[in-house]
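Structures follow.
Common to both upcoming complexes is chain A, partnered first by chain B, then by chain C.
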Partner chain A sequence: MRLPAAKSIRLSGLVKRYDRTQVLHGVDLDVRAGEFMSMLGPSGSGKTTILKIIAGFEAPDSGMVTIGDRDMVGVAPEHRNIGVVFQNYSLFPHMSVAGNIGFPLRMRGMPKARQRTRIEQALELVALPGYGNRMPNQLSGGQQQRVAIARAIVFEPDILLMDEPLGALDRRLREDMQMEIKALHERLGITIVYVTHDQEEALSMSDRIAVFNRGRVEQTGTPREVYRQPATLFVADFLGDSLHVSAAVQDDRIEVADVVAILQRPPAGHSGRVRLLWRCDEIEIAEPVARPAVSGGRITMPATVLSVAYAGTALRLKVQLASGEIGTVAAPEGGRAETGGRIGLRLDLARATILPDTARRGGSD
Partner chain B sequence: MGSRFFQAIGVWPLLAALAILFFLPAAVIIANSVTEPPGAGLSNFRRVLADPTFFRFAMNTVKIAIIVSIFTGVIGYFYAYAMYRAGPALRAFLLTCALLPLWTSLLVRSFAWSVILRDTGIVNWLLISAGVVDHPIGMMRTLFAVTIGMIQILLPFTILPAYTSMRRFDSNLIAAARSLGASPRRAFWQVFFPSTQVGLAAGLVLVFVLSLGYYITPVLLGGPSDQPVAVLITAQITSQLDWGAAGAMSAIVTAAVLLMLAVGWNALKKIFLV
Partner chain C sequence: MIPIVVLLLAPSLVILPLSVSQRQVLAWPPRGFTLDWYFSLFASGRWWDSAIHSVEVAAASTVIAVLLGVPAGVTLGLRSFRFKDVVLAIAVVPLVIPTVVLAIGMYKVYVWLGLYDLLGLAAAHAMIGVPLVVVTTMSAARQLDPVLILASRSLGAGPIRTFFLVILPGVRSGVISGAFFAFASSWDEVIIANFLSSPTYRTIPVQMWAQINQHVDPTVAALASVLFILSMAMMAGLAMASRRAR
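This part shows the complex of A and B:
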């Protein structure tokens, strides 16, 4: 099965409120044709609302939705030619697998014989050949989701929307399905918008990620960009473990925890109070020190280990600095860190991400 | 004492009351069909089944039950759909209106209909005042009066099961159908209705079964040709003193009811036992 040319999506200035709660504060987002774009954020951040607006289930209070070069305002869902995969599969319980997959074809008045061929092709695509006569309640969760995906692509939609499609599956199955969806994307070349609150899922599957917080897009970028160069503290915290400390910048001078260092490359556009952020794997564990010290562009700081968690390939240490700031540091598995122990943290200023010091934190609604 | 006491005795007092006050008398009546007069055997059944009067009353009963089922089914399903689509306040109002008939005595409701429908009743007064008709339309003692009275009384029995099945409906399925190319109308008929028709079926079985045993409403509102089997059974006992024939008729009606319940068992189970 080969889909017609993939289409791009352009969202501009989307505003949506329910009663008194504003859920979208002017969202702009461009999804390129054929791109796998994840919308990542906590629940209540507006990502599912965006999906509903793209699908046409909800209308924005203001703003534009353009798919390809077609303005979608006022177009009913059934006229948008968009495939949607829901978290709870949403298979029609009174129809067989073939009945479900054939539903969009029947709605389009396709001749019976062609329907049968297309249904078979779709079932093969999701590795369920011969399952046409089963009823949905005879299938496992993973199989139901494959049928839902087959149903959403069988009619050759312009784009495919997926709303936390793997949320109900257990971890092992979820990882298999991630690979399959990724493979499907590469094979069909279709534009996919994928809603998830699982940062690992977004990082491993996406071409680009849009990170949502409180009805706004905080950052859009490749998985590597949003992980290694987060634009805000919210993005940094939502996409993994890190340590960030308060600092003051003036030109190339930076003051951290009462010690002053000189930056190799003066940060553009930052001065005054900032936060320096290191991902947990960018921090080196050193011998305990009494007070912060600078040498060769690195600061060594004393810290207390609050807790140690075993994370498979490494340990995750929750550490507290003398300033009271708390962060997470990765340590080699054989390390001798223990709860309550004192350690030194070696922080390389060249690897630090400099972020505006905002108290604003995202969270669930 | 207290709740532990009630927990310990459970539903047994209720079942005991039901056994003594309902099952026992019903069993005695039905037993009469083979014991009255002594040594009757199946003669009462042969007599009743060959009796054109019984046949006529049975046909009346089935005819009324079918008409009432069709109307309560259609009205009840769409009333339930209105409740399903309504906001919380309107839904509460509609639910109260739907339940109201259950909170009033059957006798009072049937009399109320006679006040509305009789020649000097509200409907005729309105029609005459508006100049639509010169003389009152005779609505009392007609099939129309019987069915409208029974429909109003039996509506909750289709509304509530249908509403139950709608509440269980996953509204994402409509969104899914729309995204797959179905218009609102097709999404309703091809997805919503098939998913909720089990509630309608359960309600229809209840209404049909209840209609088979209706007595007061047809007596008060119906004419001589609209009388159901229940009236004939009463007549057998009160004026003919023919307990054997009454027992045989009761047994036949009971068998019909059990048959209907068996046919509709799947639907009833899905709505009431889940």
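This part shows the complex of A and C:
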């Protein structure tokens, strides 16, 4: 089964209000044909609202939705030809597996015999051949979700929307299903919009990620881009552990914690107060120092270890700088960090991400 | 628990021995054994007629109650809108107003409109049946996952097909029990039926009422026994149907 040409999605200027709260503040987003795009953000950030608008379950107050070259404003969900997979499977409980998968084909008036072939193909695609006669309540959560996926692709939709489809599964099963969905995406070549609040899931599955916060897109980019070059502090914090410190930039001079360093490449577009950010694995742990010191483009800073957590392959240290700033640093397993101990942190200026020094904007839950 | 059950059931069970008593009047204690009253019951055209009338009225009023009550119950159970509480209150008003008050009002209006016997009784009983269907359908609809409706729409079913293929099967058990209650409440309704039926179109309760006021013939006890057993059988049938629906 290979779907006809994949379609692109273009969202422009989407605004949505519920009563007095504005949930979308003018969202623009382009999803390329055949792309696996994740919409990542805390709950309440607007990502599910976007999904509902694309599916046609909700109408935006203003803005445009275009799929392929078709304007979707005012088109009812049943006429959009979009597959949707929901978090709680949402199989029709009174229909068999075959009845569920055949439902969209029946709605399209497909002859019974062709329906049967297509249902069986779809079941094979999700590794459940011969399950057609089972009832949904006879299946495990993972099996139900596969049936839901089969039902959402059997009618060759233009795009596939997935709303936290693995949220109800346990960790191990979730990881297996991530691989299966990824493989399905490669096999079918369909455009997928995948809503999740799990950053690891988004990083491991997506071609690109759109990070949402408070009804806006904070950043869109490949998993590597949003992780290594976050555009805002929110993106940096939402996508993993890091340490960021306040700094002042003027041309190629940078002042951090009362020491001044010269940058190799003057940062474009930044001057005045900024924040320098390192991912937790970009920081080297050194011998304790009394005060910050610069040498060879690297700053060594004194820090206090607030807590040590074992994270499997490495330790995660919560550290506090003399300035009071708190961050997270990865340390090799077997290191001699202990809570309350004093250490030095070696920060490579060339690897720092320079961010505007906005007040920290967290997502609201 | 058991004393309460005995207290509730005993008075109805009294009619069973009375229906086979050899005494010529309805009187306690029963004496001897005879099936004469059953023979005279089944031989009587009057009783058969009233049984047919009762079934006609109950069936017609149930159909009306389901047609009106199911859409209302589904809407009230699935959607939220302004004045929803008011709509629900209005829908269940006929259950709260004393039946005799309803009956007098209807008597005046329906007779003026020419609505009596089958037509009038079906309409009047539907009024009592609608709230029963609304309430049971609504509570079934509340259990329905609203995402199923979105799923159905996204798969290509419009609102009408979604109603018949997804919502209606989802609230089936509520509709069945509502219909059963509506049928049963019409079946034994005597006050409105007394007002709206002419002497040629009596339902069973009306006929029984008239009979008891005229002669105290144990045929009534035989009939009551038959009805008692029939109701028990219907109740059991409903329990089985609702178990299968689940």
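Methods note: the second predicted complex is superposed on the first by the 363 of 365 C-alpha atoms of A that agree within 3 Å, B and C clash if a C-alpha of one lies under 4 Å from a C-alpha of the other, contacts with A are read in each partner's own complex, and residues count from 1 in each chain.
Basically, a residue touches a chain if its C-beta (ideal position, glycine included) is under 8 Å from a C-beta of that chain, and two chains touch if they have at least 3 such contacts.
Keep in mind the model is a prediction, meaning the values are calculated, not measured.
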Ask   = Looking at the overlay on chain A, is there a clash between chain B and chain C, or do the two fit?
value = clash
Request  = Using the superposition on chain A described above, determine whether A:76 touches chain B (first), chain C (second), both, or neither.
outcome  = both
Ask   = Is A:151 contacted by the first partner chain B, the second partner chain C, both or neither?
value = both
Query = Touching A:94, do we find chain B (first), chain C (second), both, or neither?
reply = both
Inquiry  = In the overlaid three-chain picture, which partner chain does A:108 touch, first (chain B) or second (chain C), both, or neither?
reply    = both
Message = Please report the chain A residues shared by its interface with chain B and its interface with chain C.
response = 55-57, 76-78, 80-84, 86, 88, 90, 92-94, 103-104, 107-108, 151-152, 155
Request  = Using the touch definition up top, name the residues of chain C that touch chain A in the complex.
outcome  = 145, 147-148, 150-158, 161, 165-166, 169-170, 172
Ask   = In the complex of these two chains, what residues of chain A are touching chain B?
value = 55-57, 76-78, 80-84, 86, 88, 90, 92-94, 103-104, 107-108, 151-152, 155
Request  = Would you tell me which residues of chain B are touching chain A in their complex?
outcome  = 170, 172-173, 175-183, 186, 190-191, 194-195
Note = Per the touch rule, the chain A residues reaching chain C in their complex are 55-57, 76-78, 80-84, 86, 88, 90, 92-94, 103-104, 107-108, 151-152, 155
